[in-house]
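Have a look at this one before I ask anything.
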């Protein structure tokens, strides 16, 4: 393997792999920024990262390749998914631009930037490739090589990043942990408060209609058939994840009456017939 | 000339440091002990006066140009030094400042007292007097500084206390609602600040340019180098630097057409603060013209002289005419001051020993005479609660002493012989006439106009039938007399015996003239002295 | 002896200080103190005079230098005095007449609660006037010059509660200031020409200066003289100055201050002698004023204003004489002194009349007073005879000499000037007779006293009940005695001077040469007497034979113009007051909207610009991100370009 | 094929990420885009290390990952708390810095 790593032009196999996976990566990246739902973005990003992991491996960075998969795809992206879940999985944010000219500016900058980078790389005349063969084999393997560097040359940076990680962990806890300052209020107190406020004197109605839907995300229907959002739990309401079934419910109702009408009508006919 | 450096007691630093320390102490006085703060401030200012007197007495007219020199390195990398020294001009102006401040404090005794409406924990009183002392310290130090950078810092720094004095303690006699007055006041304060800041920034650029050209900030060294030709400047460079400095000083002075901040500031501020502005702080501008513009840029000064002379003449006539048209007593005095500053600048740039000695005397005398007039006007205004001339009439019958002192102040303003301003004004006129006869004649019309606005003011406020509103005005009280009488005494003394001042000033002026390599124009007939 | 000179000034100055600073506790005794100090000064003057007579004519001049007043490079003004014959003449006149008028004022100002201050001002005036005539250099003279201006300002406006008085005072000061401009410019010219302005050196060197310079100096001095001595074109203030108390009019605006201009010109004889053009202008000014004042004097019904007009015209005589050069200086001074006597006497008489007539000043409301106030009548009459130049009385000698000198100027100018002076003499006789007749002869035309407020001049005695019929009475002793003394002076002075050799007395200072008149002295004298008689006769025909209407008739165009001071005030008002007001108004506007407007405009512009820039900071992180991203792109582009280049 | 293409790919990914940061309002997605940019950088580093034949590039990439991890932890925590406070994960809603 070290042989072809040292080559100026890579093997056709790698070339093939590059072109295929590269396309995948780009598509993933694009869909990351174009998907309306955060979950989809996260998933496509994960895909891109896996592709990148493969590329690392292809570039002889075996350790990084693995780490990429484990840390990024395994840990970070999962973390993302958790947060997305907290914030609302199905909530799709509109891609409609609110800031005037923002999108065009962004695209323009992006294009210019990309072109510039490409130009930079282009005129950097990078034809000479040393390859990693010697470097990896120096300490008998990629991982050992890295280890040698990390614990000698970069040991301080390493330690400091360690400290950074600890701090980050603590910081995350501090940020997200909510200290409960007062004890939780009992049912009684809550009801008393409701009475005092004078609205929703009875406890909130339960979701679900006609025992057909007992899903928590379906609003109960008021007598006139309109949905009562109050019956859905707050989080879902905030996420806008209420499934509105009022219309189909009304339709079902109508159909029901229709049928009963018919049946009753038929009965009458039978009576007349017997008479 | 190698003056004795840092020999013995640092008198100049002490003179400036004392009021500064006094300011800090005054500000620290607890809120309840208001009167204590006032007395403290008064005592400190008197002590400063004593020190200034020591300086004045210890200054040898025949000695070095700069005396009591102190010099310590401050910012080594830029050659900035804490370098003090006074020539005759500086001594005279330090004396003026130290003389006026006690009266300013005494006159402003009640100006910062809490209003009925204000809370018990009223601090501004302390602040008022502390700020006044702070201004005194800075002004004195700026008269002493012989390091351009040090001077620049003070020149700018004194804006801050002045800003708060103008904006924070307005004249309580105002027409219209309080909010309206407050708006007017902050407008005046901001205008004052911006105007002077702009000037100062332009000067900063020039200061940096000067450093680039000269390599250090020491006035004495640069001036010397300029004089003996060891420091050459390109003509254009010198002119630009000169303009940079002159602009700042012309704003501060103020010179037409950069004068419009003065009437607002003086109109809105309390009378003592107005005196502080026109009699003390503005003098720094004219003083700096004389010392820095001429000392550092002799050629450029000569180059700019015609234009400046014209501007000065405009200031004289224009200021006087606009003063005639004013309805507000304090604004009238302000425009009168503009006219007088025109005289001072005219005298400086006439480049004759009479003109410059006259200009220096003029700075001192104008300070005292304006103080007298303005403070009495302040007393009058505080009694009636109005600044409008039309609201007065016949005061002379109900308050003769007030009217008398007011008249004397006015006569000093129109430079009546026997009162100090006459000496300086006539010297300026003669000095100007000797070099620019036409300018001299035009300036002479100023004395008629001065008489016009002064007498019109006196006639409308003091004479005529007594108005109902003023019928109950009390005459001057003991404190107010203590303010006015000494000032008038000084005016008369310097009017009939200005020698103490001229002795100190003349040598300094001689040096200045030699800086700019100018000689007095000689009379056409020489052997008159023989005949005498 | 020299050191006494300063005392001359010090005495009244001390009085002024004590009286003005002394406060109310001096109200009782103040006037005595003032009078005493004036008298002290007079006595010192007499002592010095005696001493001076003892010396030979040439070294009579005394000098005293106290200290250097203004010492600046090349500009040395000394506090130095010179007492020569000329100054001595003035010292005696000022202190003498001054003392008399102090005495007179004691009675006259009796009812005024501010009498102490009045005497303080009088002393101040005497001191300043002495400084003026004793100064040894022009700057010090300027000091006194303005000092008397101040005193006159304070005294004209003594009754400041009257707007008219205040205005008159202001006017007097301002017009004088215009004159002072001339004086200061003259001093500057001297400084640039001679390098000094002390009398001695300047006169020494006056020969070497170019005539142009000297003419300029002379004209500037003349301007100053015009201001102080109420000569055309700066004469307008004198009439209004009669708002002041009558003693002031007598002392300042008749006897002493207004003649300072004459002193200035005579003092500067050397300069004028070397500048004939200037001299010619001087004579012209004198001649014009002479007629001007005389005409005005004929039309005025206010007794003081009539006398003021006469003063102008008499000073016109003196200026004219002074303009004639060595042949005239002496007579100018001589007429000045005699005029000092009789005009002061006339004014005091007028004051006494007003005192008796509830401060009525309109002569048409007098009449037949000779029976009621005999002493006043006699003294006034003597003064009258003196001023019209009745043979033997003082006015006769002095005026006659001036007329002679005028003719002696020679050439057409001589004839013209002579004619003018003669004509002036006739008119003088006419209007003085008019005053005399309207006041003391004819039937009573008394009216109830108007309210003190509307009274044309609310003299102190105005506390009379308004509407009361006046009952004329002779004035108190303190007022009568000075009148008598002055009357004596106005009778005798002329003859004394004539025969005691006033000419020789002044000659060392002013120089003197006999003019060669184309007409013989006798003829001139005869002519003078003749025109005098004509003038008197005309006046008698007009006012003695016919009854005087109480309400002034409309009168001819000239009369009406003369009543309005020949429209001079209207002119001044139209040109200077109105024009000046408009100028100042517009300048105030310009200052506010133009000069200040530019500044505020700049401020507004900056404010608007920054307001727009603020919009860029919309607070949206993404916008900032875009700019940051774009910035990075630009940076990269820059680096690439750097590489490329 | 010349491995330099990896660099072009990295550039492309980076640009896409950047554009995403600019375009998307949802804070989480923005964060993802940031991650994308970081990864693009990593790819570039790795490629460089291959070019120069030493491992330092990989070391840097390694550190980048660590830092990215820390950053994500904190950033997401912030997002969550912001969401709790304001019931919105939109970047534009946090525009209180404006005067």
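Observations, loosely collected:
In order of appearance the chains are A, B, C and D, and numbering begins at 1 in each one.
In the analysis below, contacts are C-beta pairs under 8 Å (C-beta built on N, C-alpha and C of every residue); 3 or more make two chains touch, one makes a residue touch a chain.
Since this is a predicted model, take the numbers as computed values, not measurements.
Located most centrally within the structure is B, per distance between chain CA means and the overall CA mean. In terms of C-beta pairs in contact, the better-connected of the chain pairs B-C and A-C is B-C. Inter-chain spacing, taken between the CA centroids of chain B and chain C, is 37 Å.
Centre-to-centre spacing of chain A and chain C amounts to 105 Å, using the average Cα coordinate of each chain.
Taking each chain's centre as the average of its CA atoms, chain C and chain D sit 97 Å apart. We define each chain's centre as the mean of its Cα atoms; on that basis chain A and chain B are separated by 74 Å.
Listed for chain B are no residues, as none touches two or more other chains.
Residues of chain D in contact with at least two other chains: 18, 22, 25, 92. The multi-chain contact residues of chain C, meaning those touching 2 or more other chains, are 618, 620, 622, 626, 629.
Those chain pairs judged to touch are A-C, A-D, B-C, C-D. Only residues 618, 620, 622-623, 626, 629-630, 632-633, 636-637, 640, 643-644 of chain C touch chain A when the two sit together in their complex. Of all residues in chain A, only 5, 8-10, 12, 14-15, 18-19, 22, 25-26, 29-30, 32-33, 38, 41-42, 45, 48-49, 52, 55-56, 59-61, 63-64, 67-68, 71-72, 75-76, 79-80, 83-84, 86-87, 93, 95, 97-99, 102-103, 105-107, 109-111, 113-114, 117-118, 121, 126-136, 142, 145-146, 149-150, 153-154, 157-158, 161, 164-165, 167-169, 171-173, 175-176, 178, 238 touch chain D in the complex they form. Of all the residues in chain B, the ones that touch chain C in their complex are 191, 194-195, 256-257, 259-260, 318, 321-322, 324-326, 353-354, 357-358, 394, 396-397, 404, 411, 416-418, 422-423, 426-427, 429-430, 433-434, 437, 440-441, 444-445, 447-448, 451-452, 455-456, 459, 462-466, 496-499, 502-503, 506, 509-510, 520-529, 531-532. Residues of chain D that touch chain C in their complex: 18, 21-22, 25, 91-92, 94-99.
Interface residues of chain C, counted against chain B in their complex, comprise 20, 67-75, 79, 139, 142-143, 145-147, 150, 153, 157, 160-163, 165-167, 169-170, 173-174, 177-178, 180-181, 184-185, 187-189, 191-196, 198, 200-202, 204-205, 208-210, 213, 580, 583-585, 587-588, 591, 595-596, 599, 603.
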